[in-house]
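Some structures to go through are shown next.
Shared chain: subunit A. Partners: subunit B in the first complex, subunit C in the second.
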Partner chain A sequence: MTDGRTDGQTVGRTETAPQSESVSALRDRFGPVVLRTAVSCGDSIVWVDRARAHEVLAWLRDTPGQAFDYLTDVTAVEYRDPERDLEVSYQLRSLARRADLRIKIPLSKSGPLEVDSVVDLWKGADWLEREVFDMFGVTFKGHPDLRRILMWDTYAEGHPLRKDFPLRGHFTRAEQTRQALAANPEAHYSMEELSIAEAYDELPEEMRHRLSHGERGHVL
Partner chain B sequence: MTTRTLEMALSTPSLDAQGRPTRVPLGVAGRGDPNDEFGAEPMLVNIGPQHPATHGVLRLVLELEGETVIRCIPHIGYLHSGFEKLGEYRHYNQIIPLTDRTDYLSPMANNVGFALGAEKLMGIEITERCAVLRVIACEMSRIISHLVWLGTTGIDLGAYTPFLWTFYERERIYNLQEAWTGARLTTSVTRVGGMMADLPDGFEAMLRDFCKTFPKTLDEVDTVFTRNAIWCGRTQGVGVIGRDEAINYSLSGPMLRASGVDYDVRKDRPYLGYDTYNFDVPIGEHGDIYDRYRVRLEEMYQSTRILDQALDRLPALKGAPINVSDPKVILPSKSRAMSDMEAMIFHFKQVMEGVPAPAGEAYMGIENPKGELGTYLVADGTAKPVRWRIRPPSFINLACLPKLCEGALLSDVIAINASVDIVMGEIDR
Partner chain C sequence: MGLKTSDSGPEPTEAELAAVSSNFLTTKLSWLTNWGRANSLWPMPFGTACCAIEFMATAAGRFDLARFGMERMSFSPRQADLLICAGRLPFKLAPIIRRIWDQMPQPKWSISMGACASTGGIFDNYAMVQGIDTIIPVDVYVPGCPPRPEGLIYGITMLQKKIRGESIADPTLRVEHMMDDRGFFLPPEKIDEISEPFGNSVHQTRSA
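== the complex of A and B ==
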């Protein structure tokens, strides 16, 4: 049930499950923006071009016949084959129609890893996109507050779920320990948070100096 | 210093149009006056990460004006263990022990969620008895998870006794888990294509006894909480999120249903034959803490119903296999592996090389106690996944905490945070 443009890497088996009706609707509406489609384990997958992905997702959400009102998950996949594109994956669901659809945006690793944020469509995408940014280094254009979420703000070893990231991290165990010991708990408020309370001005001169020069930044 | 008169709006709870008590925040007179030394400036309050009421290593930074929360900034990641990364270095069956440690308040349901995802990826049909055993595992998990939630939320709001009742009942399920798997928390009860073990002798009678007596405890909790003026006052109309916003925030589980969305994965995308069981899905109306409490309380009654029905099915399936018959997927018994050449080869290949999954990808969502637990697996034909993604329900539910806390009182933040039912093992993974 896959079309001619399946590359055989993703779908290595005979699929009997029918493709979702949304797939042909997307082809009719967007034409070449739909790069290829496939069915894997019964799930319909559509690869769309990065440039108009936001438009496709907005159309899927707002068109009455589609009504994918629920964003189940946002994540990314990097394959072991270093030549293959990294993919950002949106798992959509229509609560009323009980239908699922997976939209994937391939991102060439030679270009910028950048897609448009969908926080304006689904507020639930906020933390999910931050996690993808944190773990894969994909930038979401238009995200209101794109910063690391599971790792700390000054984490310097890279993006842990990338395939070129070793399981134990880039730094040596000794270096990781040294940094952990050097971390200053007092510096654990962000500058923004300190400015809320106007506490920043009341800090000792020495600590203010350390904070403004990135206390945890300098050990990196 | 000027003389200051404090006028407290000491309210008697009045009722709004829906008959629910309205709340008047106790404020300090003259707020906003620049000469006022009280409450004119926003204040920064830090809660956690080491604080019992944050239910784990969650840290909240609150911006307060007087006692009203202007902004809430959650910080997570203190328990990050890199499970998803670890999974890329392990065989599918070796990942199952990692799933225990994500949502550690309902380990068995996590085991089931991962096994179902891997089986969907490999195209394995599990046996009938295995499906019934997994339903039992899931519903036992739902009960213990909700019991922890109920007890600890009660403590957060000042009710100590129900905590003792709920933890007593939880202990009985833990004993059952221990009898079944040998472990209370790190159960690892499933395998890809089957179960680690069949039920031990006497398990069914113990579980039947639990199903008979447990609703009485729930009735007692119901008596103590549901019409309790303090409980109602602390929970009704607090932390409200409406139907459309709950969907927009991708909430799931009791959080979504309390806002009036009729969505339960067990009903809408039945797995493990849930469509053949009789049970109701409680739906809230107001989307506040009180409705979340009502939804979770009712879900425990419904889980007991499902457990009863699952137990009724077991005698007919007595002696039926719990594992699929494919020797490439399921390990042979130890005695066969030591005496039969062919079994030993299968044993060796599975242990050394693992079970390969064909190239492809699968998303499998199940209804966990905290919401929809998704397992998204991408395979490239080897025995280790390219990507193992957990869709963590409480991570996504927690993301709406800043919205729920906006404009609430400081003391309500504790109640709102409790009502989300978070577990940090799953949020930080």
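== the complex of A and C ==
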């Protein structure tokens, strides 16, 4: 090891990696809302109850000792075992503390696949939640603009990353081709999405200021 | 007809001369037109994946596509006559490549570059068009994953050979037979047939 580290061999081992101290803090603060915890490949994972998940995530963001100010990713997992719950997964990062934490919300497939949106906490969750909605059919309550993002808006075959979705889709290739050719790409995007200039007035004040002065300040 | 040989037998009749000269002129005009078309192709690059990297290498200095008259990459379909689809085509891009193809003025040709554009390649899944020939007509298929620049150049020279063999007098050459207003130019059964999996993937069922 050139950098003098001696613990390189143990990193990633489930048994020896320490649990994040955020986990015990969450247990103290929320008690039974924390359903289960685990350490996998050095990452701490916390399963939380769907009803109070938004509260947990807001607490993790705003509490000074936690300060998870950056949402790395929102995704979902469906397991091959049909008995197991579908899980919505939030990968959090504290830029100041250089700490990571993964929060998972189990969703029973018999119930509605619905969780609270976290766009009000992290703006970056907007497109990530749209992708989870598009691919898994999980709806995010309170999302400002929940529609498909990868497949086109009139896509009628379902949610492609679900385990009951056939690899080649439900329809025949001819029907898929017909529907794809009939899709009008311009019909489902707002003018603001198609042209950045049109969106100028909708941008936040400080962003307009930066744009009008050039991202790196005045260039004379 | 200024050519005249002294001892070449009997003089041709007026009718024979007219027939021969018109044939002669038509052939030469075709040759001239095809020569011009084949050597001044303006490609519209439609690069969607790694094939586009090889396409860029083909256009750059070492392989130098300009040697074949493709000096100008046309990023506007209205000033292009060769569509090179370099990379896999998802269904979401199908209406877009169709519209680009429709916007290109005649005469126009297309090259399907790489395994994915030609057949869907490894992407035998819900999101991918199984060969762009279900969307637009294709003149030359270049195999490879991705094809090397030499492969693309070989495909382009094959297309030039094809263009040199065309006849400007053939009115059916440029007709695209649209089936109906759904935008198909192939019957649905044909699309299903050429989209069928092949090789190892025929053993996978649609529900797998």
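By our rule, the second predicted complex is superposed on the first by the 166 of 220 C-alpha atoms of A that agree within 3 Å, B and C clash if a C-alpha of one lies under 4 Å from a C-alpha of the other, contacts with A are read in each partner's own complex, and residues count from 1 in each chain.
The rule is short, and it goes like this: a contact is a pair of C-beta atoms (placed from the backbone, for glycine too) under 8 Å apart; a residue touches a chain by one contact, two chains touch by 3 or more.
Keep in mind that what you see is a predicted model, and the values were worked out from it rather than measured.
> Have a look at where A:Gln19 lands relative to subunit B and subunit C in the superposition and call it first, second, both or neither.
Neither partner.
> Where does A:Thr139 make contact in the superposed view: on subunit B (first), on subunit C (second), on both, or on neither?
A:Thr139 contacts neither subunit B nor subunit C.
> Tell me which partner A:Asp100 touches in the superposition: subunit B (first), subunit C (second), both or neither.
The answer is first: A:Asp100 touches subunit B but not subunit C.
> With the two complexes superposed on chain A, say which partner A:Leu128 touches: subunit B (first), subunit C (second), both, or neither.
After superposition on chain A, A:Leu128 lies in contact with subunit B alone.
> Touch check for A:Thr172: first (subunit B), second (subunit C), both, or neither?
It touches subunit C, and subunit B stays clear.
> By residue count, which of the two partners contacts subunit A more extensively, subunit B or subunit C?
Looking at subunit B versus subunit C, the one contacting more residues of subunit A is B.
> Touching A:Leu181 in the superposition: subunit B (first), subunit C (second), both, neither?
After superposition on chain A, A:Leu181 lies in contact with subunit C alone.
> For A:Pro160, decide between first (touching subunit B), second (touching subunit C), both and neither.
Touch partners of A:Pro160: subunit B and subunit C.
> So subunit A touches subunit B in one structure and subunit C in the other; where do those two contact lists coincide?
After superposing on chain A, subunit A residues 150-152, 160, 165, 167 contact both subunit B and subunit C.
> Please output the residues of subunit A touching subunit B within their complex, sorted ascending.
Its residues touching subunit B are 9-13, 40-43, 45, 69-73, 75, 77-81, 89, 91, 95, 98, 100, 102, 122-128, 131, 135, 148-152, 160-161, 165, 167, 189, 193-194, 196-199.
> For subunit C, which residues are in contact with subunit A within the complex?
Residue list for subunit C touching subunit A: 91-92, 94-96, 98, 124-127, 129-130, 134-135, 182-184, 188-189, 191-192, 195, 204, 206-208.
> What residues on subunit A touch subunit C, complex-wise?
On the subunit A side, the touching residues are 150-152, 157, 160, 165-169, 172-185.
> Mind listing the subunit B positions that touch subunit A in their complex?
41-44, 46, 61, 63, 71, 73, 76-77, 80, 82, 84-86, 89, 120-121, 123, 245, 247-251, 261, 263, 268-269, 358-363, 365, 372, 374, 376, 378, 380-381, 386-387, 389, 391, 395-396, 398-400, 403, 428-429
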